[in-house]
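One structure follows; several queries about it will come next.
Here the chain labels run A, B, C, D and E in written order, and each chain numbers its own residues starting at 1.
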């Protein structure tokens, strides 16, 4: 019975599309394997695994959650699989007329991720760096225009897509998968790098397949898929 | 009835299988509506009070037309100025006996209205029940409160549906007497449904007999009693020799 | 009463301000419970039926003790085998007249129980109401159905709370006669609350007078009528010369 | 006084508008092509089927267990009943996600009951039973409260008559109290079913979001929301439309039962 | 037949257990120190205060507008009423997040009414009014349905008597129908308030999440869930405890009103 059970991957919700494509490619490569996903916030997935959910692979948007699982003996070695960067997104109509990251202070309604989630921590780091690198008080002025601190990046993007917010700071991969937003690059000297990690769950009944899936993510083909979805390459082992 | 009619009701209506088709009128003398169970007495009173509209007809109380199917008049119950005691008490469960009685008295003279209500409760022999909620009243006690509530509002016409049915014999006799003197004093037309000959006699009421939705006989009670046209009337007046006289039709 | 008592009820209970303290018994002859409004008649019947437990006392029907505060006996209503007609009808609103009457008949002989129920409806003069829901019945019609429902279940004792109060005079007379013959035939003890002397006479009932929670007088109706100890009894029996004889205490 | 009635009623219609307008706005914004796309969405079929199965089962559980509970709550006004009455509303005041964690702490592998259940070979969490448990937990309070309110209005004299006619307490409950309370039970059941159908947070935490096993309609919708807002809206509209039709049908069936005299009631209010 | 009653009741208590057990499990798992920490959490104070203010205001709006709506729904069984009755449940069947999007499409900047409102200088989205609108939308159906069920049971004869005693339809409604339906209204109000207090999805979408302005308790809790599960649980438990105490208090106050004869009711069921 457990051999018929598909490989179950718990993946951060910001990876919905890329994981779908990775799974298709993996299933094509290994005939007879099936992969299914449980998507939620990384913290929720960690909680579920701690409470005994039957997962085989955990792909987290935050190293800490995976590390703590490994530390408690729930997961094996933690492997980085992809990176991501932050970008600025504006609605296609761009009501605030933003063209560069520096224009962000002109926006009326800005949406960012809350510091309680990884993306929010990266955003906070980015804004404090901008405070040094760019104009004095840039960060404070931006924060003054923030109308909402979202629980996850997709929600922040949704506000922009629906035209309610003038701008949002989200991951590049999320900007790419949203059809109704335009991405504006953030200068390299300000930007921060987010890391995605994967780990095989210790009591997985599909240990061999799980490890193969993690390796597939790290393969050239896997990394190409990541790149197509806006994640940065350069983690191949 | 007489030319000096204070109220007239010409009503055609249907309710389930019952077809009500009546014409009544009355002056200041109380009118008793008698008839077998299911004849349509309650239905008629509810129509007069404004719970439902007849199909056709015309209802006048005093100089006010409260319903007229010809010109579409159909006054709302609160504009008909009728005092209605429904069959089965119909007390407001959330108000005390006193609160029930004071309900219809203008609220602006609050302490005065309380006094009036207490006075009326005393008249119906329920003075000591003032503070009780209906759920704590016996059947006969409820009925007294319901009667007091209808009398106090000084309506243009009173509609009483078996108002004494649950009362004990002493209360019945006292309230009959009180009702008779009260009605004589306030001079309001009254239509009272009853199954008790003594009510009719005590009120010296004009009688309408309703059978199967139609008025089968009417007149002073001794007139009706002396020429019964149906078993019901004969039985009601306990007429010993049951040779029925022919009906009016 | 006599030594051949079929049922006895010795009850002490309180309800709000009313203190009920009575001792009644009866044989197969119907017992009428009369008394002013608020005397506690309905309360007594409800206690017998099992709605509430008395503080102290003992109730026996036939050879069955249904309540005894000494040894803690307190049979559930369904084991008391009483037929109860509450004041105010108490019909099941979701069942037709026939459904109401058939409710108490064992469900396993389904078509037979329907037939019996229809038969009983005919006896109380409500044959044509079979298919009607209570909301479509008049007051008197409801009361007939409620009476039929209590009679059909063949209980060990009948408790009737003003069972004829809403009926028209013809129905009242017929049902009095039917009740008298039915009770004589099924030979069941019966306690009937009434405000109508004619009910007492027609049933040739033994009378208990309940006043303020206590039995003030008891005996055959002509005994009680000939020696009234209170205004109430005098009035009830319409005793012309009101020299009250002294009470029993 | 006509205008007093009109102005009071207009407040009511304002609220009705607020309740209907979000769905209408979505409907206006969505094109028929999008709706068709929504129905054809790969997440649609399996999750709809799962939602239907699980909500029907949850409703059955809620009704079977909630009816006696409501009866007990309505039977008296003692301390136990009052306390229970307030506790029943616990799952409503806690955010559904927290309810989900609570369920996980109870039925999860390391939870209070999870261990013993595991020994019996029963795994609840992250499987379809978890979906049902989550739905039962969040929707039951609505049914129980509605049912208790309906039972409280059943005339005790009718129960007494039923008992004297030979019914046991359970018999009187089944043959008298339930039929009389039926309109309240039906409307409470409709509320609970609707709430179970829309349930998201507790399911996500406790059952996870595995397509075909635990991914109900709302989970699929919120997932779609993360990738394609339009598709998510289209799916929701189809779901809402179907639900409203079902609820309307229920009302028609329930309405066949003759109730209070409709004409006089409408004339008086 | 004793066991029949016991087994039926035990089904009910099983459900009661299920409703209570998640909170109990969380309570068992949390130490008093953690609870104290939860209360001291920086998100706790402002979001609790915001939740209290907004839910009270929402409840007021729901009651003021929902009561006439319920009265109208209960007044007759015509087509308009039946349709409205089913439509009222729309916000329950849609996942709250989708309701939030619908509200955005209505009151948002590019929404149906958002443009006109913007011209009037009123910005709804991302502000406290949005929180209230979201809460009203998701909680009103529960109140309206409970109130309509209560109004349907008001004896029309009592309304007729009130009218003949000079009351206008509105007067009879206010002085007779509302007091008689009060127990149902109170229990419906409690449900709606609890639902508004637990509201998460629609608020997140429509109002966003800004501490002090739009971040209500459930938003703070779910946010805390992302970083610190223990803290989130502790906050939820404090919230749930406070809510249950409030609901219990409400019942005590409502219970002071004499109702049906308690002894005989409990003896019969």
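The working rule: a contact is a pair of C-beta atoms (placed from the backbone, for glycine too) under 8 Å apart; a residue touches a chain by one contact, two chains touch by 3 or more.
Treat the numbers as computed from the prediction; the structure is a model and nothing was measured.
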Same-site or different-site touching of subunit D by its copy subunit E, using the half cut: same
Approximate Å spacing (C-alpha centroids) for the pair subunit A, subunit E: 36
Gap in Å, rounded to a whole number, between the CA centres of subunit C and subunit A: 80
Interchain centroid distance [CA atoms averaged], subunit D/subunit E, Å: 14
Residues of subunit B touching at least two other chains: 46, 50-51, 77, 88, 136
Sequence positions of subunit D contacting 2 or more other chains: 101, 105, 111, 156, 160, 163, 168-169, 225, 229, 260-261, 264, 268
Interface hub residues of subunit A, defined as touching at least two other chains: 44, 47, 158, 162
Arrangement of touching chains [line / ring / star / complete / other]: other
Contacting chain pairs - touch in the sense defined above: A-D, A-E, B-C, B-D, B-E, C-D, C-E, D-E
Subunit E residues within the subunit D interface of the complex: 1, 4-5, 8-9, 11-16, 18-23, 25-26, 28-29, 61-62, 64-72, 74-78, 82-99, 101-103, 105-106, 111-112, 133, 136-137, 140-142, 144-146, 148-150, 152-153, 156, 159-160, 163, 168-170, 172-173, 177, 183-184, 187-188, 190-191, 194-195, 197-198, 200-201, 217-218, 221-222, 225, 229, 232-233, 236, 239-240, 243-244, 247-248, 251-252, 255, 259-262, 264-266, 268-269
Residue ranges of subunit C in contact with subunit D within the complex: 46, 49-51, 76-78, 80, 82-84, 86, 88, 90, 92-95, 103-104, 133, 135, 149, 153, 155
Touching residues on subunit E, where the partner in the complex is subunit C: 261, 263-264, 267-268
Touch list for subunit E against partner subunit B, complex: 155-158, 160-169, 171, 175-176, 179-180, 182, 258, 260-261
Subunit C residues touching subunit B - in the complex, by the definition given at the top: 16, 35-38, 41-42, 87-88, 132, 136-141, 144, 162, 165-173, 195, 197, 231-232, 235-236
